[in-house]
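Some structures to go through are shown next.
Two complexes are shown next, each including subunit A; its partner changes from subunit B in the first to subunit C in the second.
Moving on, here comes the complex of A and B:
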C-alpha cells in the first residue's frame, strides 16, 4: 500500500469514528429520553457540549500528569480506531490484530487513573479504583470470547475474521456459528460501556461521577470526546467479531448502531450493582457461557 | 465640534474575519449546552424534578444536571439561603469555571421572602455574589423556570450574560458584605484577586478596605496531613 494512502486512512479512520461516535452518544441519550417519555436532546447536542467545554474560560489543570492522563485516555482509543477495519479502509488492522487492539483498549482506563490520581479528590480515587475493578471484571469474559472467536477463525487478524464471516453470508456470521460466545460478548460489552447496571464507577448520586469529579473545561471535554470513541470502538469490535463486519457503509453503520441500542435500551431500566455484585456476576455468567462456547469451538 | 476632524471616528478593528464566526459559534454552543448545579436549599427544589423529567424535559434545550461545581455552568439556588448555607454557596460558586451563571429561584433569594424577619437568613443573594437572573414566585412553576432559563440562553447567545466578571471587578463590595455576615476572619480557599489578575479584570472595585482586612487575617492554606483511619488520634480532654 502506498504510504500516502495509508496516511490518509490513518487520519480518516479516527475522524469517521468521532463523527459516528457523536451520533452514538446522541442515540444513547435519545433512547434514555424515549424510555423516560421525554423528547431528548437536539441533533447536535454532543457537538455543542464538546465545543462549549473546550471554550470555557477557566481551565483548571492539576498538573502535567492530569493533562497527560486525558491525552492517554483519548489517544488509546484513537490508536484503537486505526486497528478496526471499516468498509473500504483497513488501516493497519492486518498488521495489528485483535490482541494489540485489546491492549490499546485498556490504555484509556490507565490514563484516566493517572490523570485522576493527580486531582487528589477522594471521590475520584474511589471512582478510579472501581473503574479498574470493573475492568478486571469484564476483561476476563472479553478475553475468553475473543480467544474463542480467534481459535474458530484460526487467526487473530480482524480483516481475515471479517472476510471469513462475509464469505458464506448470514450462515457464517459469528453470532450464528457461536451463539454462546456472542451472548457472553454482549454482556461483557455492556459492562465495558459502563452503563447503568454496571455503572459503578460513574455513580453520580454516590461518588459524584467518580473519575470526572475534578474535571472541568477541556479536560471534561476530552472525556466527552473519549466517550464518543469508546462507544464506536466497542460496538464496531462486536460487529466485526460476530456480525460479519460491514460490506457497505450502510450495512456497517446499521449493525453498529443496532448493537449499541441493545445495552442502551437495557441500561435505563435498571439501577446499579454494587462493586462486588458486579464482579460476582461478570465472573459467573459471561465466563461460564464463554467457557461453554469455547468448549464447543474446540 | 466645528470642524469635521473633531468628530470621533471609531476605527474598525482589523482582524481575522473567521474570528467573528468562531466567536458566534462559541456563544451559540455556550447557550445551547448548559450544565446545572442545583443547590437545593429550600422548597423551590421541588419544582426542578418536573422541569427535568418527562413533563417539561429541560434536556430539549441542552440543559442537564451535573453533580460537581467544576463541571457546571449554572449555579441554581432554589430557596432561602441561611447564613450557614451561604458560606457553602460562596465556596461552590468560587470553584466553578467561568463563564458561570447564577440563577436565584423563589422570592427568598430576591428579598428574603417569608423569612425576611429571620435573623439567620441572608436576604438578598446579589449582595454576596452576582446573580444573572431571578425567577420570582413562591414557588415558580416549572414553566417559569424554563422560561427563565430560555431568557438566560438568549442573553448568553447575545454575549450579555457577563455577570461573573462583576465578581472580579467588584470583589471588594461582595467581600465586604460577606465579612459583615461571617466576621472578619472569613476566607475562602480560592484566591479571587489572583484570578482577577489572570482574567485581566482587576479594576477599581477589586481591591479596597475589605480586601486589606482579608489580607490581615488570611492564613495560608496547607494540605491536610495524610493519615490512615487507624492512626487518627482521639481528641484529648
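Moving on, here comes the complex of A and C:
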C-alpha cells in the first residue's frame, strides 16, 4: 500500500469514528427521550456540547496528570480506531489484531483513572474503583466470546474474520454460526457501555457521578469525545465479530446503529445494580452462555 | 592453560565477591562493586554470539568426583538468564550506592554484609547457570538457595522469620531434587546430560512420573509455584530495598531455568505429554499448565488485598511466574517465546517497581498504602517510573509486558485452550485492579500534610530507575531485540523457534507489529493533546483545593480513599479468601511436629528389647521380601 494512502486511511478512520460516534450519542439521547416522553435534543446537540465545553471561560485543572489523563483517554481511542476495519479501509488492522485492540481499549480507561486520581476527590476514587471492578466483571465474558470467535476463524486478524463472514452471506455471519456467543457478547457489550443498569461507577445519587465529579470545561469535553469513540468502537467491534462487518457504508452504519439501539432501548427501563450484583450477573449468565458457545466451536 | 570467556566471567565474579569481602567496609565500596558488576556484564556481552545461537563456551575448570565428571559451560539458555542476572545486579547495586547506603547505615543496617550477599548471589547464580551436568546443577542450586537466604535474612526481625521459612521450603525442594538425581543415576548410571537424554527414552512411565514430580516440585519451590508459594512474598518484600529489586527480578527465575534444562530439554515436552493421569482426561503437561494458571490467579488476587506496597509487588512476582511456566508448557513457537520473553520483561519492570517503591520509602519512611497519597507533585519522576512499570506489569501496550503476554494468549488461542486462556486473562485483569490501587494510594489522591515538603528521590537512585524505564519502553517498541535471544534459547532447549521481526512476530493467524501499534498510539495522544490544549487555558488549582459532599476539604481532614479499595468486589469475592494454602502449610507443620513427638517418645523410652524386636522384624521382613 502506498504510504500516502495509508496515511489518509489513518486520518480518516478516527475522523469517521468521531462523526459517527457523535450521531450515536445523539441516538442514545433521543431514545432515552422517547422512552421518557420527551422530544430529545436536536441533530447538532452533541457537537454544540463539545464546542461549548471546550470554550468555557473557567477551566479548572488539578495538575498535569489530570490533563494528561484526558489526553490519554482521547488518544487511546483515536489509536484504537485505526485497528478497527471499516468498509474500504483497513488501516493497520492487520498489524495488531483483535487482542491488541482489546488491550488498546484499556488505555483510555487507564488515562481516565490517572486523571481522576489526581483530582484527589474521594468520590472520583470510589468511581474508578467501581469502574475497574465493572471491567473485571464484563471483560471475563467478553474474552470468552473473543476466544470463541478467533478460534472459530482460526485467526486474530479482524480483516480475515470479517472476510470469512462476508464470504457466504447471511449464513456465515458470526451471529448465525455462533448464536450463544453472540448473545453473551451482547450482554458484555451492554455492560461495557456503562449505561443503566450497569452504571455503577457513575451512580449520581451515590458518588456524585464518580469519575466526572471534578471534571469541568475541556476536561469534561474530552470525556464527551471519549464517549463518542467508545460507543462507536464497541458497536463496530460487535458488528465486525458477529454481523459480518460492513460491505458498504450504508450496510455498515445501519448495523452499527441497530446494534447500539438494543442496549439503548433496554438501558433506560431499569434502575442500577449494586456492584456485587453486577459481578454476580456478569460472571453467571454471559459466562455460562459463552463457555457453552465455545464448547460448540471447539 | 588459556582462559575462556566463561572462565573470565566467573573469575571476575569471584573477584567482585573478594572485593566486597575485604574492602567492602571502605568508602565508595558500593561504587567499586557496581563498577565490577559492569565489568562482568561487559564480559558477558563479549559472549554475545551465544545469545544469537552461537554454540557453547566451556569453562576450563572441570574435575571428576567418584566417577562423575563435573563441568561448567554457557549456551544460549545460560547466556539469556545471565544477562538478566547481571543487568539487574548492576542496576540494583547502582541504586544502592550513595544516598540509599547512607540512610540504610544510619538505620543500623550493615552495608558491608549487603554488598557481600549481593555479590555472593550473583556468583552462585552464574555458577548455577553454567552447570554442564546434573551434579553441578545441584551444587549450583544449593549455592543459590543459601546465598538467597543470606540476602533475605539481612534486615532481621520479620525478615529473618521469612528467610527461615524460605530456607525450610528450599531445603525440602533440595531434598526432592536430590531424590530425583538418585533416581536418574540409578537408571542411567551417569549424571551427564547426554547419558540422561538417552536413558530417558527407555524409562518406564512410573519412573518418569516420579521424576517429573520430584524435579517439578523441587524447582517449583524456588519459582513459588502453587502450593509452594507461601514463603516468597514476605521473604522478598522484607529484603532491604535494592535487594528485593534484585531478588524480585531474577532470583525465582532460577527455578524456571532448571525446569527448562531438566524438564523441557532433558525429558522433553513430548515425553511429559505422554504421562496420562489415570481416570481423567489430563496428562502431566496439562497438570503443569493448570498449576501455572492457578499460580497466576491466586497470588494476583492475594496481591490485591495487600496494604504494603512491597508485599503487593512481591505477590505479583509469584503470579507473573505463572505466565512464564504457562508459555513454556504450551510449548509451541509463540507460547515458548512468550514465556521466555516474560522472564526478561518481568525482570525489567519488577526491578523498576521495587526501586520506585524503595525511593518512596527512602523519602517518606513508609510503604504502607494507607499512609501515603498525592506524592505525584512531590516525586514526579518516581511516579513516571512506577507508571511505566505498572503498565508493563499489567501487560498493556505500549510497554514490554504486553508483548510477552500477547504471545502467551496467542499460543493458548492457537492450541484451542479456552479455560487456560480465560484464566490467564483473569490474572491480567486482577493485575490491572491491583496496580491501580498501588499507584493511586501512593501517588494520587490527597497529599498528607507531613509529606508536603518531600523531595524527589536522589539521582543515584533515579538514574537506574530511569534506565529501567527506558528499557521497558524500548523493548516494548522493538520486541525483536530480546526475541532474537529468546529464539536461540528455544532452539537450545528443543522448542520450536518463533518467527520474529523487529516489531513483533509474523504469523498467518494474526501478526503483531508493535512499532505500528505504538506509533499510532502516540499519534493518537498527539491529536488528543492538540484538541485538549487548543481549547481555553485552564487555571491550575492547588492540589488540596477540593470539595466533597458540598463541603470544602482541607489538608487537615484525611479523606484519601485507600483502605479496602475494591469494597464492592470484596463484598462478593472476599469470602473466597480462605487461606487454604496457609492451612495446608500449618497442617504439614503439625504433622511433622507430631511425627517428631512420636520419634522423641520412642527414643526417650530407651527400651532395648523394643528396639531389638523392631530391628529383628525389619531385617526379617527385608530378607523375606
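What we mean here is this: the second predicted complex is superposed on the first by the 298 of 298 C-alpha atoms of A that agree within 3 Å, B and C clash if a C-alpha of one lies under 4 Å from a C-alpha of the other, contacts with A are read in each partner's own complex, and residues count from 1 in each chain.
One rule holds in what follows: a residue touches a chain if its C-beta (ideal position, glycine included) is under 8 Å from a C-beta of that chain, and two chains touch if they have at least 3 such contacts.
Treat the numbers as computed from the prediction; the structure is a model and nothing was measured.
**Q** Once the structures are superposed on A, label A:58 by its partner contacts, choosing first (subunit B), second (subunit C), both or neither.
**A** In the superposition, A:58 touches subunit B and subunit C alike.
**Q** State whether A:217 touches subunit B only (first), subunit C only (second), both chains, or neither.
**A** Touch status of A:217: both partners.
**Q** Touch check for A:95: first (subunit B), second (subunit C), both, or neither?
**A** second
**Q** Quick check on the superposed pair: does A:254 touch subunit B, subunit C, both, or neither? Answer first, second, both or neither.
**A** neither
**Q** Who does A:82 touch here: subunit B (first), subunit C (second), both, or neither?
**A** In the superposition, A:82 touches subunit C alone.
**Q** A:288 contacts which: subunit B (first), subunit C (second), both, neither?
**A** A:288: touches no partner chain.
**Q** Of subunit B and subunit C, which one touches more of subunit A's residues?
**A** Larger number of subunit A residues touched: C.
**Q** In the overlaid three-chain picture, which partner chain does A:209 touch, first (subunit B) or second (subunit C), both, or neither?
**A** A:209 contacts subunit B only, not subunit C.
**Q** With both complexes overlaid on chain A, does A:27 touch subunit B (first), subunit C (second), both or neither?
**A** Neither partner.
**Q** Applying the document's definition of touch, where does A:38 land relative to subunit B and subunit C: first, second, both, or neither?
**A** A:38 sits against subunit B, while subunit C stays out of touch.
**Q** Subunit A residues touched by both subunit B and subunit C?
**A** 55-60, 208, 213-214, 217
**Q** Per the contact definition, I'd like the list of subunit A residues that touch subunit B in the complex.
**A** Subunit A reaches subunit B through residues 29, 33, 36-42, 45, 47-49, 51-53, 55-60, 204-205, 208-209, 212-217, 220.
**Q** Per the contact definition, I'd like the list of subunit C residues that touch subunit A in the complex.
**A** Interface residues on subunit C, with respect to subunit A: 373-374, 376-377, 380, 383, 387, 391, 395-397, 402, 406, 409-410, 413, 416, 418, 421-422, 425-426, 429-430, 432-433, 436-437, 439-440, 443-447, 503, 508-513, 516-517, 520-529, 531-533, 535-541, 543-544, 546-549, 559-561, 565-569, 571-573.
**Q** Given the complex with subunit C, which residues does subunit A contribute to the contact?
**A** Those in contact with subunit C are residues 10, 14, 54-65, 67, 70-80, 82-83, 92, 94-100, 103-104, 106-107, 110, 113-114, 117-123, 125-126, 128-130, 132-133, 135-136, 139-140, 143-144, 147-148, 150-151, 154-157, 160, 200, 208, 213-214, 217-219, 221-222, 225, 274-276, 279-280, 291, 294, 298.
**Q** Under the stated contact criterion, what part of subunit B meets subunit A in this complex?
**A** 25-26, 28-30, 32-33, 53-54, 57, 59-60, 62, 66-68, 70-71, 73, 96-99, 199
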